[in-house]
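Two complexes come next, and they have one chain in common, chain A, joined by chain B in the first and chain C in the second.
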Partner chain A sequence: MGKLTIGCFPGLVGNWSYDFALKFAGAAKDKGHDVDLWFSGNASASIVAGQKHLKDYSTGEKYLAELIEKGVKICTCEACSIARGVKKDASVKGVQWNAMHWYLASIHGADRVLQIGGE
Partner chain B sequence: MADIKCAFIVQKPQYKGETSRLAITHAIAYQTVEIFLEDGETVTPTLCFIGEGVLGIVKGQKAMDTYGITSTENHLMNCCLVDLNVYVCKEDLAKYGISESDMPDAEEMGADMKIQIVPMSEIKAKIDEAKHVLFF
Partner chain C sequence: MKLGVFVSDYTLVNDTLDRVGPDGLILVANGVYHATIKGSALLGKYSKLYVLSEDLATRGIEASAVDSKVKVVDYSGLVDVVFNDFEKIAWL
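Moving on to the complex of A and B:
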């Protein structure tokens, strides 16, 4: 089995790229791969805890919690999150906070990298 | 002891979206990635601007005055200061009427590295050399 690193940059609501990134990460983990997920740009606001899943909108929290439970490592760009008013103590439990070098380090050890660009 | 080459390909214009800027800052982060790696392990990024991505690669930006943010020009000067290879597609620059003399430069700050204007064929070669290619 290999290691997959996903860089996810799109926002939680307004497109389905974010949703795809999370479900793809889950599918890869289910197949036995190690998966790292990096959030930057608008994706970094998706880690806020207490999201209400309205059926007309995509949601992140439920899937993030499931991915973390499965062992997917998830890290947000601290600067990107702070710039969007996200507070560490009000974010989804288990999401790491770090800087862009976390992503590069993950890429260093990855067999495959999937960069999902944002808006 | 591995060095992993990554090609960061920017194809969206600066200031229109955030990711074209994030490509630059992510590439610069190679300077500190070693804190997570074993001795001798490195990441070597190559930052390439193609298509509309060449828009905004010019001197004299007033982003701080206009938007209250650090300019792309400043970020590119930082790239030169940290010896990051930056390539800009020659054909695409010509398409948008941007000349070599318009390129940002950090020579006055002591940088040895300069932004390099190269044909698309050379950028394709950089992509071929990279283990991972990231499009922004």
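Moving on to the complex of A and C:
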């Protein structure tokens, strides 16, 4: 088994790259890989707790909580989240808050890295 | 180094891919439309070609419409492709 690090830098929350990142992270974890998921840019606004679950819409607490329950490590860019008005005490339980060095350290120890977006 | 490139849009990516020089392509999101153009120059350049089944289904595309050079995989299969077929991956 290997380690996969996904950097998710979507243009808009709810877009396809965010959706892909969550599903791919879950699939890799299901196959026994270690998975780190880094949220930057607008993905950092997706960690607000209590979001209503909508069918066929990949944002919301349900999906993040499921990934965390499986053991996927999710970390948001603290500066990105704060810039979007997200409060640390009102974010999904289990989501880590840190700076870019968390992502860089994760990449350093990963067997595969997929950075999505960045637009 | 075996490089796999995710192609996530249906735009003309030939120039970029020529510069990057991947060993194979993974077609996702709107990039899945590339898989349906039978005999396309893009598909002819690479020996390893994959397309995500869920993204085909989302767009109402049957697997039978996919070029025979492209292998249809689900998310689980895609994980194996990333770990077994390529050493590096990139996203376009």
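What we mean here is this: the second predicted complex is superposed on the first by the 107 of 119 C-alpha atoms of A that agree within 3 Å, B and C clash if a C-alpha of one lies under 4 Å from a C-alpha of the other, contacts with A are read in each partner's own complex, and residues count from 1 in each chain.
Note that in this section a residue touches a chain if its C-beta (ideal position, glycine included) is under 8 Å from a C-beta of that chain, and two chains touch if they have at least 3 such contacts.
If you're wondering where the values come from, they're calculated on a predicted model, not measured in any experiment.
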item: Which superposed partner A:E66 touches (first chain B, second chain C, both, neither); value: neither
item: Contacts of A:F24 with chain B and chain C, given as first, second, both or neither; value: second
item: Which of chain B and chain C A:Q115 touches, first, second, both or neither; value: both
item: First (chain B), second (chain C), both or neither touched by A:A105; value: first
item: First (chain B), second (chain C), both or neither touched by A:G41; value: first
item: Chain A residues contacted in one complex by chain B, in the other by chain C; value: 113, 115, 117
item: Interface residues, chain C side, partner chain A - complex; value: 6, 8, 28-30, 54, 75-76, 78-80, 82-83, 86, 88-91
item: Footprint of chain B on chain A - complex, ascending; value: 7, 9, 40-42, 99-105, 107-108, 110, 113, 115, 117-119
item: Chain A to chain C touching residues, read off their complex; value: 2, 4, 16-17, 20, 23-24, 26-28, 30-31, 33, 111-117
item: Partner chain A, residues of chain B touching it in the complex; value: 2, 4, 6, 12, 17-19, 22, 25-26, 28-30, 32-33, 35-37, 41, 43, 45, 132, 134-136
